[in-house]
Amino acid sequence: MSRPKPIEYRDAPVEVRAVFDDIKNSRNVPDVNNFWKYLANDPATLRRTWDSVKEVMAPGALDPLAKEMIYLAVSVSNGCGYCIASHTAAARKAGMTDAMFAEVMAVTGMANETNRLANGYRVPIDEAFDR
Amino acid sequence: MSRPKPIEYRDAPVEVRAVFDDIKNSRNVPDVNNFWKYLANDPATLRRTWDSVKEVMAPGALDPLAKEMIYLAVSVSNGCGYCIASHTAAARKAGMTDAMFAEVMAVTGMANETNRLANGYRVPIDEAFDR
Amino acid sequence: MSRPKPIEYRDAPVEVRAVFDDIKNSRNVPDVNNFWKYLANDPATLRRTWDSVKEVMAPGALDPLAKEMIYLAVSVSNGCGYCIASHTAAARKAGMTDAMFAEVMAVTGMANETNRLANGYRVPIDEAFDR
Amino acid sequence: MSRPKPIEYRDAPVEVRAVFDDIKNSRNVPDVNNFWKYLANDPATLRRTWDSVKEVMAPGALDPLAKEMIYLAVSVSNGCGYCIASHTAAARKAGMTDAMFAEVMAVTGMANETNRLANGYRVPIDEAFDR
Amino acid sequence: MSRPKPIEYRDAPVEVRAVFDDIKNSRNVPDVNNFWKYLANDPATLRRTWDSVKEVMAPGALDPLAKEMIYLAVSVSNGCGYCIASHTAAARKAGMTDAMFAEVMAVTGMANETNRLANGYRVPIDEAFDR
Amino acid sequence: MSRPKPIEYRDAPVEVRAVFDDIKNSRNVPDVNNFWKYLANDPATLRRTWDSVKEVMAPGALDPLAKEMIYLAVSVSNGCGYCIASHTAAARKAGMTDAMFAEVMAVTGMANETNRLANGYRVPIDEAFDR
């Protein structure tokens, strides 16, 4: 047996339940999504990752919607199927409309194209950008 | 000789000058940055890329600042040095503050981390995210 | 028809059977896994890849477990689903415990995060690291 | 001005100095390396990243050398120049010999090759690996 | 509901139908493949992407087969499952034989390996390559 | 000291000299390029990599120019600076014209864009492509 298995609340040790409870309360959801159930195999990483996500994704200079769209753009760029699905849902919940989704995709695609054109033509950084 | 060389306005054929003029007018800058001078080695790709960038980055459901920050996040994720430098500058020009820059970096870093945790734990997509 | 098909031992030409036999003997397994059955569509690449894997993964300055965990970390970073599954199994067979797996994931996630923070902040290499 | 600048100890606010002091004490070094000086532009990310790195890289089921070699392999795979330089140095300090370095590179190269062969041949996951 | 849905011809607005018709005529196929049906959620991106693909993939200094094999190699390198499937089919249609497919895979795998060896050994660019 | 150093012919052990001689003879060049001088720190990897490159890049169903352009496209996609420089030079030597270079870049850029559009829209593989 080598494939990780999800940990459900009822089978979770107390330190995992504490994180699950915090996620459920923070997000006002009845259960945590699969990502957290799998991370629960390593309670220290579950705790550290949740604390970091909570801090990083909190409203700040950017609002939660802007942050979720950036998260989605990175996940699309990396080709992480789970992350694309979960962060599309999260961005939707934070207010992403169909038109916004389409623009996130268009910008992400364009950036991936021009990143490679810059690589291939070996474009040196303009002095003005390096100050 | 195999390294591409930049094409300056004074040496450029008429179809390249037309694109350079459009970039300078659209952005209100005295000269185009290196990316365009190198792409000018292929006038068709210069024209197509500029037309696409102009269309994709225009204000729409997302404002230009949000789009530039997404562009930056993707460039950071891909490790394109030129693109990180040029799109940090472009996002700054569009209004990105120090605090916003810091949050774009934090979200981009976090997304790259959790993308791999989801990969490694082979997390199946929640039914709710797949509808 | 464009999707590659696996080559089973009974249908394999003699040079493929020779590689399959060597894999089965080296690993003490009754059959080769799918990766090799698909590579068998190109006997030269099958032979070259197996010879290289055998040389690279042999015990040396690093033991097979350390090598399998590095292989897994790279596969997770690249998001190769097949490779994550097969090298998790291989690392398990070489002795990776649940706790070790959790730490490989934590380090891989962390490295992916800090790689992007270094990219985004355009951190110059310390002189001491460049000697 | 858009390129981030390093924050030196003498110019750092108190919460940054506290992290710098902890890094210097933990690693027994006279100064922190550039990565931390640049992250100091965002004290919250500096603190969160250092706390996470300290937790993740501590001796556990894997020793610090094994963890540093995994970190290096991921950084090489991602092509992060700064990270390759800093984690080669860190792994050296933790005991990586020339022979170990050579094997980390060989495994990392091989994994990147076979990851793409598995992608391109669209190899389905063996049932035994998916349990 | 957050997963994008395909747009079929019968339900498509007139500007989408125009692109679908152009694809079907250009490729002499009875229906467009899924990629275009999903992009049709954003008619502007559908139009821009198709116009770009048509321009880029047209016979030029390179023939369509060479271009499709490059497209396939990049898709394999990026691990895009959909793109690997669709561009293997497209390359087959353009004349890619089994032997050619095997060589595209072998070169793509090799390049991914040596890219990382060059990264990890921090090989400086030869002066002759930088002119 | 942690940065690898190049091994010059005059300082190289006999098994490294043998590989260097073979490279120089095969390519009809007076000296090997930096990649091989750095790999020479690990004679087994030097030997294995050269033997593999020689086998993979030999004329077959694809000619050397087609193979070098695929190698370049992958290197551009991965953002490996050394590899982009060396394989641009190699492709030039094999006959790549300015127009061919421009088309390799255009296809590589396009593929990177559409790979992400396919990821983000979660396009399912057409049944016809999966046979």
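For reference, chains read A, B, C, D, E and F in written order, and residue numbers begin at 1 within each chain.
Just so we're on the same page, a contact is a pair of C-beta atoms (placed from the backbone, for glycine too) under 8 Å apart; a residue touches a chain by one contact, two chains touch by 3 or more.
Being a predicted model, the structure only gives us computed values, none of them experimental.
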Greatest centre-to-centre gap (Cα means) from subunit C is with chain B
In terms of C-beta pairs in contact, which of A-F and A-E ranks higher? A-F
Taking each chain's centre as the mean of its CA atoms, subunit A sits from subunit B at a distance in Å of 21
In angstrom, rounded to a whole number, how far apart do the mean CA points of subunit C and subunit E lie? 27
Approximately how many whole Å separate the CA-defined centres of subunit B and subunit C? 34
Would you give the residues of subunit A that are in contact with at least 2 other chains, written as numbers and ranges? 2-4, 41, 44-45, 49, 52, 56, 77-81, 85, 88-89, 102, 104-106, 108-110, 112-117, 119, 121-122, 129-130
Subunit B partner contacts - residues on subunit E that touch it in the complex: 1-3, 44, 48, 52, 55-56, 129-131
Counting only contacts in the complex, subunit E reaches subunit D at residues 72, 76-77, 79, 81, 84-85, 104-105, 108-110, 112-117, 119-122
Listed in rising order, the residues of subunit E that touch subunit F in the complex are 3-4, 33-35, 38-39, 41, 45, 49, 52-53, 56-57, 60-62, 66-67, 69-71, 73-75, 77-78, 80-83, 85-89, 97, 99-100, 102-104, 106-108, 110-115, 117-119, 121-126, 128-130
Contact residues on subunit E for subunit C in the complex? 79, 85, 88-89, 92, 98, 101-102, 105-106, 109
Would you mind writing out the residues of subunit F in touch with subunit D in their complex? 2-4, 41-42, 44-45, 49, 78-80
